[in-house]
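Common to both upcoming complexes is chain A, partnered first by chain B, then by chain C.
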Partner chain A sequence: MFFDFLIVGLSIGIVYGIVALGISLIYSGLDIVHFAHGEIFMLGAFIGLVLFNTVGLPYPVALIMAMIATAVIGVVIERVFYRRLTRSGGGYTVAGMGMIIVGFGMAIILQNIAFLAWGATSFGYDPIYGPPVDLGGISLPRSYLWIMVVAITLMTILNFFLKHTKLGLAVRAVAANKEIASLMGINVPVMISVIFGVACALGAAGGVLIGPINFVSVEMGYLMLIKAFSAAVIGGFGSLPGAILGGLIVGVAETFGAAYISGSHKDIYAFILLILVLMIRPSGIMGVIVKVKA
Partner chain B sequence: MKRTLTAAIAASLFGAGLLASGAAMAGEIRIGVTLRMISENGEKQGEMIKDEFAAINAAGGINGNTIKLTLLNDECKSDKGVANANRLVYQEQVHLLIGSSCSSVTLPIVAVTAQAETPQIIPHSTSAAITQQNSEWVFRVPISSRFYKGVMAKYIGDKVGTKVAYVYVADEASRAETLGLVGLMRDMYGVEPLFLEQSQEKEIDFRANLLKIKDLNPDLIFIAGQAEAIARFLVQSYEVGIPDTVARAGSSAVSNAPAAILAGDAVKGVFFSAAYSDSDTRQIAQDFNKMVRERYGINSVDHDFSQAWDLLQIVKLALANADLKLTDDSLAADRTAIRDAIAGIENYEGLASGPISFCAAPTPQCRDGNRTPVLISYVKGGKDFEVEVLDRVTMPIDFGL
Partner chain C sequence: MLEIKGVESGYGKLKILRGINMSVPKGSIVSLLGGNGTGKSTLLKAISRLLPVWAGEILFDGEPIHNLKPHEIVRRGLVQVTQSKDAYPGMTVEDNLKVGAFSRSDKAGIRQDLERVYALFPVLKQRLKQMSGTLSGGEVQMLVIGRGLMARPKMIMLDEPSSALAPKVVFDIFRVINMIRKEMNMTILLVEQNVRMALLLSDYGYVIRDGVIHIEGKASEMIDDDNLRQSYLGGTVADTNVAALS
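What follows is the complex of A and B.
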């Protein structure tokens, strides 16, 4: 049973981690906490649902297309709505309360757009998984395998993109110091759009991965946002490996909590953990020392 | 010529005056509805209610009085339901309030209608606690959870087994239905739950609980919650590898179409108690199914539709029997007259599996009008789901009190 619980915890945790990765990416690049990221996750799940159920694309293709479409939506949101605010903060950086309020506002706008498009009802992806795979006494649902494989692939691609491509280097330079990056000839606004697009694509991936087992509804973003936010804080806000680690910790902690303490208030374990980590190590497990950014 | 014209105008004015006085004699019965209209079925039920009252008005109304309908969506949210009820009762000054779908919404509305002394008739909510508030203004068309759980307990204990795992979502109806069933299994068969756990209403991942249940190897898993939560439980129960040899039963909400649509094949074999089955062979049921399919495009007609329909027929009967003045000063008297007319409904035979009767005392015995649940099992899931009737039992009026 222990390994069964561990697998369940890891499979949900890795989804938290992917969404948290987007939140951390935006934070590291733009110095803002994106409170509409839960709704980006929801939007991606809906786009994937339409592409898979209605258009009839194969699931992996629907996943990739949903990521691309959501990335485009993310870039448009950043350029049209957020850019003015981040600029006013000076060098595309923190614009204080304004950005937080705009994030909440954007969350409500996106939720209402989804409500108009799909209504308040829930939708399920057409069945795509068969019976569980038996691994020496541990039955491993195929959905978990999918989630693990896709998540690890996405993380590998992101790592390669950031560390081994020129565009990734430029993104990291902008994340480290926008003024110096600009002096080095990097087009900072474009890089910020790239960061936002990639973060939104990751949010969409989380939505499409979890859609087949948890259904899709306009209200699905809120709970995911707070779990992913906890994951990002526990892992260390702004740290990309930390976001994944935080997600896994949150997923495993809440599953073990539900398994061995009580399943009645499962959500509480993630937040107890969050408070403990903030008390013991405020910068999170893999958090970097706070520094002043340009 | 001039004289003829003057006479014609005078006659016209006199005629118009007569018509105007006739119009003033016919009144307007204001009916407010608050429902969960967030799924296709919910929206269509709202449409059906609108269409029925429009048809009444087109046919000249009830005793010459037309119906003014205000239809609101509470989305199964208590705060919205209470806001709707307050608007309907105080602003719209309705003579009768119909609502709501979810017990968690209906329960607080009972306090609103009791305070405002406005009759309330309930289309879908099942929690036994609703009529146990002893409000003299409340009537329930659907079957109370106290009757549902009785039928369910007997079937489980006699035909399935007594090793039962219970999981329920923390809303009032689900909690009441589950704990009631646990109590009955204890009283009737002397067994304690193999597993009993609640989950939060918005929880999305039930797999930790389901893994624990799998390890206990129960005869049956009883799942209580709103339709979406039950569907999620069912799908995830197969995800974690609980075989189909373990029976699955649901609370009354599993009868709602979204449960079967969302759960797909995972709903096959799940049984539940409900007020109506679209496999009912009676002519009235076949005609109703045909009407819903043709007019609203719903292939599988669930008991929320049939209950809304029965409620409308009961309201029509009551309004026809009520002595209504419908003047500006008669609101309180008209509300009382409608309440008394509903209380006078006896042995109404409609789509429900048994007769529906109300009476004057504000007790569950008088206000839980329908006592005949049917036990139903899904034989096919998805949008065109199919069910079969396993059993039909009329419960004693005092059962579960």
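What follows is the complex of A and C.
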């Protein structure tokens, strides 16, 4: 049973990690915490559901299409609503508090839009995978395996994009310092859209991945936001590897807690962990220590 | 090459520049001198369009650039070399240099320019994979100059390349600036507080105070004007031999 729980925990955790990655990416790039990211995750899950159940696209195609669609929605939201707040000058860093409030507002709006479209019922993805795989005594549902494979693929692609492409280099430059980036000839407003789009695509991927093992409902975003947020903080806020690590820790702790301590308190463990990490190591496990020498 | 006519600019509602007139001819080094808080950096920011230009016009190669976006100005070939504290400390030396070439897509040319920067600053080649935050002050200054050159500019604007450096290192940096002018036929706007060093290198000098150009003249004449240096620029820096620079 132990290994079963471990695998379930890791695959749930990696979904937290993927969503946390988006939150961390927006934070490291734009210096704001995006509180509507849970709803972006929910939207992605619904778009994937429609594409897969109703339109009948194959699951991988539905995943990619949902990511693209959600990225576009995210870019539009950022362009039309969030960027307005930066007009008074100083960019995203200065607009901080207003940005947090707008994020909460956007979360409520997106939730209600989803409610109008899909109502209060929970939906499930149609069965996708065949019978469980037998791994020497452990019977493993294929969906968990697929979550792992897809999530690891996405992380590899993101890592390659950031470390080895010109656009990724520009994203890192914009994240580090927007003013200097524009002096390097980088079109900073476009890069901000890229960062936002990629982060929202990751959120959508989390939603489509968790769809087959959980129900999809209008309120799913809120819990995901606080868990992914906890994951990001536990791993070290703003650190991308930290977000994944934090996600895995939260997922495993939650699953083991539910299995061995109390199943009805499943959602508490993430926050106990969060409090512990903040008490012992406030910068998180992989908190960024910037070495600067004048 | 760069013409600044009656430029006014500032932060928010606070006006800093009150009508600046300057001209930087092709192939020359022109110094902009002044103490802290006189408007030197504000002028650079206005030229690079990090700040809006409220009035007046800026012409580069005969074309107005004061309505362009910052990245478009870089594409035109006018590049501001940032202060050394503005290297990306969390990026490797190599990535820093590559960011400098972001506006270009000619891979062969970029590789060629990388080699040219290594030739100019051999120490950077030894430190390619190191985070730039671990470099010494002089090395970071070399890095930001190299990064600026990676855009293959027609003209560079240097923002206080000597700030916070040891006198010996300052000398090295100025020697490289002189080399860049000679070997690449670069046009340079040099913003400095190190008056004597800057004037030794320059063809022409401007002194800015309270957002207005107070004095201008040939560098060779300004350098001997003790009165001017004392009254507008504060203390003097140890004398340097002109011949040693070239």
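In this section, the second predicted complex is superposed on the first by the 281 of 294 C-alpha atoms of A that agree within 3 Å, B and C clash if a C-alpha of one lies under 4 Å from a C-alpha of the other, contacts with A are read in each partner's own complex, and residues count from 1 in each chain.
In the analysis below, contacts are C-beta pairs under 8 Å (C-beta built on N, C-alpha and C of every residue); 3 or more make two chains touch, one makes a residue touch a chain.
Every value quoted in this text rests on a predicted model; they were computed, and no experiment measured them.
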Touched partner set for A:Leu169, first chain B, second chain C, both or neither: second
First, second, both or neither for A:Ile272, with chain B first and chain C second: neither
Partner chain in contact with A:Ile108 - chain B first, chain C second, else both or neither: neither
Touching partner for A:Phe5 - first (chain B), second (chain C), both, neither: first
Contacts of A:Glu179 with chain B and chain C, given as first, second, both or neither: second
Superposed model, chain A: greater residue contact from chain B or chain C: B
Touched partner set for A:Ile157, first chain B, second chain C, both or neither: neither
Chain B versus chain C as contact partner of A:Val61, first or second or both or neither: neither
Chain B/chain C common contact set on chain A: none
Contact set on chain A toward chain B in their complex: 1, 4-5, 8, 12, 119-124, 126-127, 129, 131-132, 139, 141, 143, 210, 213-215, 217, 219-220, 222-223, 254-256, 258-259, 262-267
Complex contacts: residues of chain C adjacent to chain A: 12, 48, 50, 69-71, 74-75, 79-80, 82, 85-86, 88-91, 95, 98-100, 102-103, 131, 133-137, 140, 147, 151, 164
For the chain B and chain A complex, residues of the former touching the latter: 38-40, 75, 170, 197-200, 202-209, 211-212, 215, 228, 231-232, 235-236, 238-241, 258, 261-265
Complex contacts: residues of chain A adjacent to chain C: 89, 166, 169-170, 172-173, 176-177, 179-188, 288, 290-294
